[in-house]
Structures are given as structure tokens and as C-alpha cells.
Amino acid sequence: MPETLGFIGLGNMGEPIAANLMAAGHALRIYNRTASKGASLVAKGATLAKNPADVAAPGGIVFTMIADDRAIDELCLPPGSFVEKLSPGGIHVSLSTISPATARRLAGHHAKHKVEYVASPVFGRPEAAAAKKLWVCASGSAAAKARVRPLLEAVGQGIFDFGEEVGAANVVKLCGNFLVASTVEALAEMMVLAEKNGLSKKALAEMIGNFSPMHAGYANLIADEKFEPAGFRLVLGLKDINLILETARDSTTPLPLASLLHDHWISAVAKGRGDLDWSAVALGLAEDAGLKPKVKTAR
Amino acid sequence: MPETLGFIGLGNMGEPIAANLMAAGHALRIYNRTASKGASLVAKGATLAKNPADVAAPGGIVFTMIADDRAIDELCLPPGSFVEKLSPGGIHVSLSTISPATARRLAGHHAKHKVEYVASPVFGRPEAAAAKKLWVCASGSAAAKARVRPLLEAVGQGIFDFGEEVGAANVVKLCGNFLVASTVEALAEMMVLAEKNGLSKKALAEMIGNFSPMHAGYANLIADEKFEPAGFRLVLGLKDINLILETARDSTTPLPLASLLHDHWISAVAKGRGDLDWSAVALGLAEDAGLKPKVKTAR
Amino acid sequence: MPETLGFIGLGNMGEPIAANLMAAGHALRIYNRTASKGASLVAKGATLAKNPADVAAPGGIVFTMIADDRAIDELCLPPGSFVEKLSPGGIHVSLSTISPATARRLAGHHAKHKVEYVASPVFGRPEAAAAKKLWVCASGSAAAKARVRPLLEAVGQGIFDFGEEVGAANVVKLCGNFLVASTVEALAEMMVLAEKNGLSKKALAEMIGNFSPMHAGYANLIADEKFEPAGFRLVLGLKDINLILETARDSTTPLPLASLLHDHWISAVAKGRGDLDWSAVALGLAEDAGLKPKVKTAR
Amino acid sequence: MPETLGFIGLGNMGEPIAANLMAAGHALRIYNRTASKGASLVAKGATLAKNPADVAAPGGIVFTMIADDRAIDELCLPPGSFVEKLSPGGIHVSLSTISPATARRLAGHHAKHKVEYVASPVFGRPEAAAAKKLWVCASGSAAAKARVRPLLEAVGQGIFDFGEEVGAANVVKLCGNFLVASTVEALAEMMVLAEKNGLSKKALAEMIGNFSPMHAGYANLIADEKFEPAGFRLVLGLKDINLILETARDSTTPLPLASLLHDHWISAVAKGRGDLDWSAVALGLAEDAGLKPKVKTAR
């Protein structure tokens, strides 16, 4: 049954997700720090709220797609937040890539107000969000997940349920990003070895792409040294790697490969490459092998 | 035009490849250290040679699928070898995963006898070889590659040509194995993080498999702790990682991720796991995180 | 001129340092969460305060030797803390090993109350503290350092001044601990190589000790597998390594060796060795090489 | 009782060692590929041999101080070598830093000629050799070591006996160099952290030097960016790190820190720094942190 939903955070990902909720027949109250970003949704009938708490209704549902752990804390924890407005019976569906520790902490905070927290980080880029092709992870209480399930189905092509422990979906999201970052690192080192041995990087990328679609895109970006425009900014990749290492630390888990990724990503940021695509980590690896790639930093 | 070919090395990979050459209409003279391995080919009409040199005919073509660099040296370099028998105009098609340095050295040796060396390492498992689904890399002189091309097409689903520098195809093969080993490492670390955070490894493997077929198989092996029978023995994986590092060293290339793989694979061998599937590297990572996986060593 | 000083934190290090301040002629008001720890100082004439703020006098000096960043925050930041009591003209001499970021933040907090913050972390073990053999680092305003210099001289054998940027001395202290942890790691790996090659670890330790006193102690502990009683608990070592990595992250500095230390120390904690001496990191390295050391965890 | 000794290899280390043997009363037959290097010894009465075998006498003793494993193989293995000339009862004292595997192989070769092989790698720089301040390791048969002991005492300040397994002394030498390389790495990373936090590297080096003489020299070289003239050339350091990793591989030992050193040293060579002092590995670490050190490559 269509209901009025709240949605906070209308960036590259949030806006198309919100649009798909509207396309599924739901009315939306929306909020974004920069109000202008909501214009296209308002044109479709969404109500623009003056402050985040106004998107919530008692017993209702509010989605958030927020940049990072600190921002979501600032949104949820102060007195009078949308969480309090949600009141007993309300649900907060958190789509952001944040640490499981933050998710658990927020769930504890929400529980004091008898509000449910559902962690629902998503896999996919903005184009996938627009095309309803996201893969959605979910963790939280069975009842809350059951209620929001039709909504999650309206924004993605599949839902993976990771149980009731609220941080689980965030761990999964970090695991996924860890796999992709590892793939970028492996491709980047491989390409350096190829170049130092006189191989055509492009021919190698074509062969790799033949085997694994997941590898194809990055193999070509690295072979072409095409790091702008950034599909995923390197500095955001570093943020996620840091979340992975924090989660590892919290659970007393050594992750040597994640440590290696951290060292290489932080070097790329130190060299002024934070705004390039994260495959630009390849530049530092080439330099460490004595090569002199043309691209140096973001323009 | 069908011709009589020589084929040395009839292991898991060599036997089905040789069978496909026969299926394409070629007569075969075959040799294997353990002669009994050639029985099925003999049953199809192949001639079993008493020693490796006997598979060669002047100006002909000999394929080899041999375990490692040392074995191929011992096969090719001594006086009276099949290489000398090939005589000017002959071609040696080397399918093995060996170092580019060995390939270059052998090509130099062969040149003294006016025999061409074509490096043709292949991607794919024994099942793929049997199904003619291998991906074949090739490097060597254009003329030699042109002559053997129909033969390579008879054993695989596609050929990737990496030019005339004879070691190139071997570098490519090592690059490919480096990517797969890196994938195994990343999945293994990811699974430890998941387990330490209370997630279902099986649910995670299912999600991963949804995204990338290349990751699916290993994710499930690791989630299930199913390391026997070995699809690819860990000790052979270590051999390849060592070849990668040697090739990196020869070309003054730092490969930190390859070093990390080396450390973890050698630890697995030290713990008695060399005969398990190479995804069993996951066991050591789990132990390093204080977990106590059930599998310890090969039975 | 002797004056009455405040001293908070009377653990293994704090107690002997406070005793040396008294020996130099200063009266002390002391505080410790567990009051009984102050008994020996009270016997020498120190005044035991009921709460930490009571050790401070307007315009006076208070020393703290506190476990970690969080504890010192809780001590300094709440309204009515000893910092407020110090009042304009007062100085807080902070001896703890904490992050430079925390030091800088505290200095900013103190400045609002016109209280100076002097960072003075020390090198040396409890025995060195008792023997007045500490090496003292110092950073903070020149005026404040000049006023406390005679006091620092009363507790150590030498003072190293790292300028006015208040976090500098903490960076130095972390650098020093990084060097020692690196030494432990190198010795531990070396000993595994020796053992796997059939050498006498003890003979090797004796030779090493001949070259470098800094290495001698740890080389013998590792050769003897004598990890109890802990000279420095492994879990505290991990705390410091984490501070190093946080400081590196804050300054966009890749430190691959620190990352490696982190992975090995966290593994040791995961295996239940947090209360052993930090040289017990050697156990995990031995296990990774397939050895089975006798010591497993703290008793 | 003074006897006539053979000595092959009169480089920076060999020449002063040979001089000390003469100073102890022994006559010397010497050989060096570049004969002119023996001039000062000839001036003192040494006999210059035309080829290496001529330095040996049946049942005598020959010292070698040779660049690397390959060179010593080429010296010892061919028919008619000095080893054969030594004849039953002769002893070869090998001072070089080579792999234990090579030492063991040579000992096996020598045994066929009933010649003893004593491994005696030394610690110390050319100045120490001149001053008779070397530390000498020894492994080999007890009888052979007893016979050469007075000779070893004539060239060093102390002898460490590592038993009868002939490769042991070489393992020890590699362990020692591993410790020093690790110290260089730790100091280099520490200095980057210090610089990125605005500290005086020089002040830090002075403090470190106060604690540990072993660290002082390198800390100052790195703080001063003074990498020429090279005390120990970086490319020789890489050779030793490679020997360490080979020895680790042969004994199935993971050495993650040695792998890390390898990656950083090979990067330095790739960047053209092989002829600088090995502390120049610090340059790459600084660059990886976005710093731009002045020194780039050897002049």
C-alpha cells in the first residue's frame, strides 16, 4: 500500500533511488542540505522539507543516503531529529556505506525511541540506481525488513538478506568494496609487470575483459591511463578502506591485503590524486617501478 | 593440411589437448615419462614413442606440456634432444606455464638449430581442455605462429597474439594466474572478516557469485571449507607465484601484492597444505585471526 | 624554588616519577583512581586528594601519567576539571603516550582556560623511572617548558626539546616505539629463519647482543620463548601501533612497515596473547612457518 | 705455526684481511682478477699468482672473499680449480656473503676432493677489517675450524662458532644483514612520519643516536639525505635481501618483513638509486608520502 515516505540525501545515488520510490507510487517528503538538488523530484510531485526532521511522520519510514559516519551521526543523534519524529513504530532505512559499528550504535540510539533501524547499503553506480539495477543488502529486525521489502524491491534488482544483526549488511558492503579495491590493485600491479616486460597493456586488458566482466572496465582504464572523469573517486575509496580496517580492528581481524591497499591508496592521496578514479592507484605502482606515467594529478 | 605432430607430456592438461589435435585430423607421435598415460591416445591411433626425440620429424612440429622450467630444460637442452631432431624448419610449441626467462633462453638455444620456439601457454582447467574451451596465448615469430595457428584453434576457443617477443605469452599467463591468486586472497580475507563479524559465509558467497562468475567458485569453496579434491594444488600455485616474483625481479619491478601472496602461500605449504586446493590459503588467514577451522592439512 | 605540584596517575611509571619529584624537594598533591596506589607516596609526605581537581592550585603545575587518549580526555574535558582549577598561568605536564592529535586538541581546550599544555612523554621502563634514568621529550611553549624544565630534570637523565608545536613530542614518542616494535618484528622473523635452518637461536641471540644492546634483550626473550612476566604487554604495544597508524593517516603518510606490525600484533591478540610480552609476536611468526612453539597464550 | 696461505679476492674487504694475515706472520700467495689490486700486498712480500689455482698448495689453506654465489661457483667448480690443487687435507675458508645453499653445495663438491669447506662470513666494514675489528662467524667441521681458528683470530676481534652444519654461518650472516636492513627501513619510515608532522629530522636523529649506536649512523644519513659516498651500495643490499628470501624459500619460511624490504629496495634500484648508500631507500618512502626529496639518483 503506497505511503508517504521521507528521504534525506539527494546526491548521485540518493536522487535516482528516490525517483524510483516515487515511480512505484509513493509520495515523498525530501530533504537535502543543498535544496536545489531536489528540484527534479519536486517537479515530479515530491514535497521539499525545510529541515530533515520534517520528512518524518510518526510511525512512518525515512530513507537516508548520507556521505559518511559523521554526517549520519549529526543527522540522527541531536534532540529533535527525524528519528524522534518517527516515533514508536517508525523505521529508518539507512542506505549509506558506513561502518557496522556506527550502524550498531545508531540502532541502539533508535531503540530508545522505539524506532527500528534497517541497514540497507546498496551495490551499484548511479546509472544502476537510475535503472533500478541496484543490489540491495539488508539487515535488521525481521518485522522491519518485511515492511520495507517492497520499497527495496522498487529500487533494485535483488535483495540479499543478512539477518537480524543490524551491522551485518554494512560488513557485507565493505566486503564487496574490499573485493573491488583488491581487483584494482591486482590489475594495477599486473599492468606494471606487463609494461616493464614490453607487453601491450591494451592487448592484455582485452584478454582479461574476455574472461571476467568485473575486471574488464578497470583493466581498460589502467591500460588507457584514463582516470578522469572519476567513476569512483580515489579519496572515497580510501574512506571505505579505512572503514574496512576499522571494522577489522574492532573484530580483532588481521587483513594484510587491506593494509596494503590502505598504504597504496593513502600514497595516491598524498600525491594529489584523491579526485581521480580510484584505479589511478596504478600511477604510484608504475612510479615505484621507475616508470614515468603521463598523468600526475587531477587537473 | 593434416600433418603428423609430436606431443610430449600427457598429464591432466596434455592428454585432452593431444586428443583434440587428433580429433582435428592430425596423426600424433606421443611420449610421456609414464608411458601408460598415453593408452587412450594410442587406442585412438597415436604412435607411442620410446623416447622424446622420436616424436619429432625434420621440419615438423612438436608440442610440449611439461611440469616446470627444470623439466623442460632437461627435455630440450641435452644433445640429441627432440629439438635437434626437429631440424631447420621445425617448430616447438610450448604450452607449459614457465618463466619468460626460460622461454627466451630456450628460443635462443633452438635458434642455433634453426628451430622456432612458439610460446603458447593456455588458460583453462582440464575440463576446459577436453571441451576445446581453452584460451590460448601465443608469442613468437609471425611465420611460426601462422603455421601453428590452425593447430591452436583446434584446441581452444580463442587465441590471443602477444607479438614476436617470445617471452610475452608467458608473462601474460603469469599475469593471469596472479589475478586469480589475488582473487583467492581477497576472498579469503573477506571471509575471515565476515566470520569474525558473525555473518553467514555461505550467504556472502551466494551474493558474490551473483556479481562475478570468476569469484563464485572460490567464494563457495572457502565458505564451505572444501579444499579437496584440489582443482589446482596449492603447491603448484606457489610455483607460479615464484615465477611471477622471478619475472618481476628480472625486470626490476616491485609487486607488493605478489610478495604478500608468496608469504601466505609459503605459510600454507609450511603447514602441510600443499596438496589441498590453493583456496586453502584461507585456512592460515582464519588461524591468524584466532579462528580454528576444521580442515588442517591434506588427508 | 620548590613548589607544591599535582600528580595524577600513579601506576608503574607514575609512582616512581612522582617519588623523584618529591626527592627533589617538591610537595605533592596526588590522585589515583585506586587510592591505595598512592600509599608509599603518602608515607613520604604526599597529600592524597579525593578527586583529581583537588591536586591543582591556581597558577600551579599538574603532571598526568594516564593510560590512554580516552582516559585523559575524560580527566581534562568535563567542567570543573583540574584544568579549570589550574586557572590562568597554570601548566599541565602530560607524560602519557597519547596521539599528537589528542595533545593538540587538549592544548586547544586548555588555551580557553589560559592553561599551558606541555607534552612530555618519556622513554624508559619502570626501573629506569625509579633510577631517574628516563629520557624525556618535550614540546610546548618556550615559557612553559622553561618553567617545568627543572622538574623534568628531576625525573630523567636527559631532555630532548622538540619545539613549540605541542604534538611534536608525542610524534617523537610514537616514532621511538615504532623503532622498537620494528626491532622486535625483525628479530622474531630472523629467529624463525634460524630455527627452520637448524641454527641455535641462543647462539644467535648471544652474537646479536654483542653488536647492539638495544637488540640483546628481545633476542634473548625470543630465543628463550620467555614471554612472561611481560615487560611491555602486547596489547599495549598494539595500542601504540594504532596510534602510529592514526597519526600517519592524519598526516597522509603511508607506513607499510607499521601496517605489517599492526597485522602481526592484532593476530597475536586474536590468538589470546595480549597479556604476554610484546616479543610474543614471535609465536605467530613461528606458527606461520609451520613450527609449533610451546607457549600458546598467557597463563 | 706460520704457514703459507692462499688468498683470492682483494677488494675493499679482502685486501685488509689479507694484510692482517701477513701481519700475523703468514706468507701469502694472492690472486685477484684485476692484478693491480694486489700491489700493496706484494710490496709487503706477498707472491702474486697468475691464476687462482696457483695460490693453493696440497694440504694447505686458501681464503676467498668473492663478490657473489655465481663468482664463487666459477672459481671452485671447474676442473683444475684451486680446490683440486688443495688436495686431501686442504681447507677452503670462504669469507663471502653467499647463500647457505651455495655453501652446502660447495662443501659437497669439495668433499669429493677431500677438501674441507669452512664458512666464515664476517661482519664489519672495510675500516673494521683494517683495524682487525671484524666479527667472524664460522661453521664447518670441528677439526677444520680448530686449524683455522688462529687465522680467524688474526683478522677479527671475536669468533662466533655456529657448529658443524656448513651453511649455518651463512644463515647467520644473512640474519645480521636482515636486521640492519630492517633498521634502515624502520628509520626511513619514521623519518617520513616526522617530516610530514613538521618535526626536525635532525633533532630526532640525535635523540635516536643517544639510545642506540646501531641506529645513530643511519638516522643521521637519512636526516641529512647524505647517500653518497655509499657505505654499502643499495644494489648489494638488494643482493643480500634476495639471498635472504631464497634461503627462506628453501626452508619454507614466510618472512613478510623481508618481502617488504625486497619491494622497497627493488623500487629504489628501478628508480636509478642502486649505487647510492642503501639508506637511500628512504627517498622512495618520502616520495610515496608526496614529499619531494632533493636527491634523485646517484650522480
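Here the chain labels run A, B, C and D in written order, and each chain numbers its own residues starting at 1.
Quick note on the criterion: a residue touches a chain if its C-beta (ideal position, glycine included) is under 8 Å from a C-beta of that chain, and two chains touch if they have at least 3 such contacts.
Bear in mind the structure is a predicted one, so any value in this text is a computation, not a measurement.
For chain pairs B-D and C-D, the one joined by more C-beta pairs in contact is C-D. Chain centres computed from CA atoms place D at the largest separation from chain A. For the pair chain B and chain D, the distance between mean C-alpha positions equals 39 Å.
Measuring from the averaged C-alpha position of chain B to that of chain C gives a distance of 53 Å.
Between chain C and chain D the centroid-to-centroid distance comes to 38 Å (mean Cα coordinates, whole Å). In chain C, the residues touching two or more other chains are 248, 252-256, 260, 264, 267, 270, 288-290.
If you draw each protein chain as a dot and join the dots that touch, every dot ends up joined to every other dot. Here chain B touches chain A in the complex through residues 100, 123, 135, 137, 158, 160-163, 165, 167-168, 171-172, 174-176, 178-179, 182-183, 185-187, 189-190, 192-194, 196-200, 203-204, 206-208, 210-215, 244, 247-248, 251-258, 260, 264, 285, 288-290, going by the rule given at the top. Contacts from chain A toward chain D in the complex involve residues 256, 267, 270-272, 284, 287-290. Listing the residues of chain B that touch chain D in their complex gives 242, 248-249, 252-256, 259-260, 262-264, 266-267, 269-270.
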